[in-house]
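Two complexes are shown next, each including chain A; its partner changes from chain B in the first to chain C in the second.
Entry: the complex of A and B
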């Protein structure tokens, strides 16, 4: 009887726990939404968490602002290019690390992570000098360019992506490669037709996480760009000025930056299917 | 179809050599089984034929051409792996057609070949399924189907049945043999199971510690094993071995065991030296009941229905006898046995080689 009661109350406790946890997690987002939906007068006149009428002006002015459009486009281009480049390079790197007998490959694998061991701020000044003074060909600099940020984020994300994907590629039985080789495939065909489809869940996770990193990154974006390559995170900071902060516009911008992130997450999530290799080889 | 010739092939990993100069001739259309205990190098040898392992020295020829440096895809072989190695993201149809699609064959040709192979293997109803939706035996058949559609010069099987349960293994054994009789493609098959080797092969290659111990037809190996290893490996229950030394009884050569039991032998005297250490081998079914021979003591009786296995001791030597008749025996009982000298195998203890 006691056993039965414990079993029955289990889901209820879980439901209550996760509901409370979700509310706590989502509350700041709601708060932000509430701020974005109010005019300055509503916001400071009678502060409340409730939304009595929706003030659309914050959203309309944000969407029609050319600076916002540019920042948003930059962020999407930078984050997406970074995610694609990092995932592709990490796939090639981990396939080589997993399948080939390379002298010292375990050392190589370990040392890829070392550039994540120091706080990113440490690299700020050297990178600023490199981008403005050293990596300069004629008039072309990496400073304030999208490609500059994409490459930089690659440097920071690749080690992490390699560490994530290593386990995924190692988990794909080597016999599948061998079967494909015997079936007449070359290395590229093995990679694209056997490994890639099977590594999809891992690639999707890697892609999402690197995309989110680039999407949210502020420190380097603020330091290594000025006008052309500014991203949305730096744009948000621009609402804080010496004359005051436009909270409504800032919250509306922040809400709008959530949209692409949710879309990417939704798209990538479809590929995260556990147990895809089940049935490949007898375990 | 093509003959395969393996000439003095060696495999080294760094300074460690695991295959020490193996040579095997496989005729066109022959079914050859490489058999031996784990770690004897049989799978490595097969993988060298497939092109999945580099050959350290020696030659592998398929259809008369040296293929040492050719990648697997240019060797015109098909391989069935121990753990099936089916592509999990592809249906049975796609798994079977993968090699033909890589070769960019016309769709109609691919379809007819896949359906033909599926009909041979009774897979027609499973073509739309994924490997995860199949049973072990069905997956094994798909793996074979994938090999058949290629219509290769040589089939390579790497312990294909070891993941199946006992009943299915017997069934698949017959299916593979039937398939070979039908297709007549040269086949190299690796197993550690000597029963599989005995029942399926045209020719068996017994390997041990990276060398070939003996090559021959199944019954040839059974009847005339070249050395102690082959004698002990082929046959189930295994051959009984009794140690002793050369002696003479009434002028006739014999072997006296360390317990003083005298066993007559039928080996020409010239092959024996007085005091030479010998191993006397006798298969369990060649022990007969009857007085006039040595006496053994029964330790365990195992009736299987069709036969009775009797574990006994002759002096301090354990022996196993297999008898077709159902005999009523009890542990500890004295049992008069006869060992037919004509059926016995005599080996030199030091070299392990057969004497005659």
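Entry: the complex of A and C
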């Protein structure tokens, strides 16, 4: 009896519960949006959750700030280059891991993931010293350059991409490769004309999530850049640590940082969890 | 037909990048850890110091305090996330209208940059602006100020982490729950088992691998949390939320104590690995023992 009663009241209770839970999830983000839409005067006194008149100045002054424009451009360039580079290299690597009988390849496969799991704080100092002192000797400039961050982000994004793509490439029947080889195709043609079209959805998801990870990264961007290659996340942090507390503009900057994340939520929602658990969990 | 050298050629760029930016820094920090190197010292050059740095670490109160804080933070955050996440996953197991919509909202925190999460929570909690201090004071007369009170600062970082990462636990456990076989549950119901018995003897053992994997991944992440906390409290008040990543940063950059900071990094890396291994082995072993009983 009890069992049946529970089921009957189920949907309504669930909807009420999840509405409350969703409000809790959304509230911090909504509050940030509210702050971004208010002038300094409106922010004084008791906090009001309503937005009486949209104060566009926070967004306009942020968007017209040359520093912000540079941070934004850097972030877009770095995240996009990193996503393209990582996806391309991971496709080659996973193809090799999937189709060739390379000695020790499973060990290599597992080793790659340790690069992603290590605490980043541990690598701050050696990378900082390598970038500022050691690699400079060899006439390579990586400190405060976009290429420096693009290459570095490969260290944690490549393992992710390889682990995600492994299943995709393994899932493409080997017979298709064989058939193409019989028809006289070379390895490169097989890769670009057989594997690539079939792996496209998987590559897209990998690329999108890689892009977000690169976009969201803060710690390395903050320590390995000084002026020229600063990204949007470091810009956001500077609002608190350097320029003081212009809350409205900080909130506007944070909202703008968030936009790509919202797009990703729409594009690759189903794959976010698999991405964050190294492919251990498939939804 | 296909020679292995082509395979190695395809792997080469990946391995080269991982070597230069992953292995070389590790080897470098390994070397620096055994030296005395501080630009502010009387002799600012790198000089070999043996295990001196590691000896100093054992008696370094600030370092040990930071380690303790990090463990405490990881413990509270991960335990709350697993319990809450399991509960939410169970609620997602039923069908109801709008489920997909609620799930999308629930996934939102996962894609937000940690630094933006910190910014969000700072706006919520900063005195004079945030609604949390204002309403806690007005409704309950509670003085909420995370830039003054140590415990409040600590638990705010925990709550922030729970807000940010519980969705991951919910969705991983939901995936695991959905893939469980139906027969054991039906059989148990026929045998007259109550809800708790079903949970304890059937759901939990079947979910063990998924829970272990989730705890493992969350633990790794919680132990290295930096961005959100840096943005929310800056490690303060005092050293109340100066978790190990923040502490290493302080030793390495403002103090430029390279040798000592490297030793600290190495110990942290070592402890993280040992912690996770112990956690894994411990949880597995306890279960195995129980089965023998």
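Everything that follows uses one rule, which is that the second predicted complex is superposed on the first by the 222 of 283 C-alpha atoms of A that agree within 3 Å, B and C clash if a C-alpha of one lies under 4 Å from a C-alpha of the other, contacts with A are read in each partner's own complex, and residues count from 1 in each chain.
Assume a residue touches a chain if its C-beta (ideal position, glycine included) is under 8 Å from a C-beta of that chain, and two chains touch if they have at least 3 such contacts.
All values reported here derive from a predicted model rather than from experimental measurement.
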First, second, both or neither for A:151, with chain B first and chain C second: second
Touching partner for A:215 - first (chain B), second (chain C), both, neither: second
Which of chain B and chain C A:22 touches, first, second, both or neither: second
Partner chain(s) touched by A:181 [first = chain B, second = chain C, both, neither]: both
Chain A residues touched - chain C or chain B, whichever exceeds: C
Touching partner for A:173 - first (chain B), second (chain C), both, neither: first
Touched partner set for A:194, first chain B, second chain C, both or neither: first
Chain A positions touched by chain B in one structure and by chain C in the second: 181, 276-278, 280-282
Footprint of chain A on chain C - complex, ascending: 1-2, 4, 6-11, 13-15, 17-18, 20-22, 24-26, 28-29, 32, 88, 91, 94, 96-99, 102, 104-116, 119-124, 126, 129-131, 134-135, 163, 167-168, 171-172, 174-176, 210, 213-214, 217, 220, 223-224, 226-227, 230-231, 234, 244-246, 248-249, 252-253, 258, 261-262, 265-266, 268-269, 272
Residue ranges of chain B in contact with chain A within the complex: 50-52, 71-73, 77-79, 81-89, 98-99, 102-103, 130-134, 136, 139, 146, 150, 163
Residues of chain A defined as touching chain B within the complex: 173, 175-176, 178-186, 189, 193-194, 197-198, 276-282
Complex contacts: residues of chain A adjacent to chain C: 10-11, 14-15, 17-19, 21-22, 24-26, 28-29, 31-32, 35, 43, 46-47, 49, 89-90, 92-93, 95-97, 99-102, 108, 112, 115, 117-130, 134, 151-152, 154-155, 158-159, 162, 181, 187, 212, 215-216, 218-219, 223, 233, 236-237, 239-241, 245, 247, 250-251, 254, 257-258, 261-262, 264-265, 269, 272-273, 276-278, 280-283
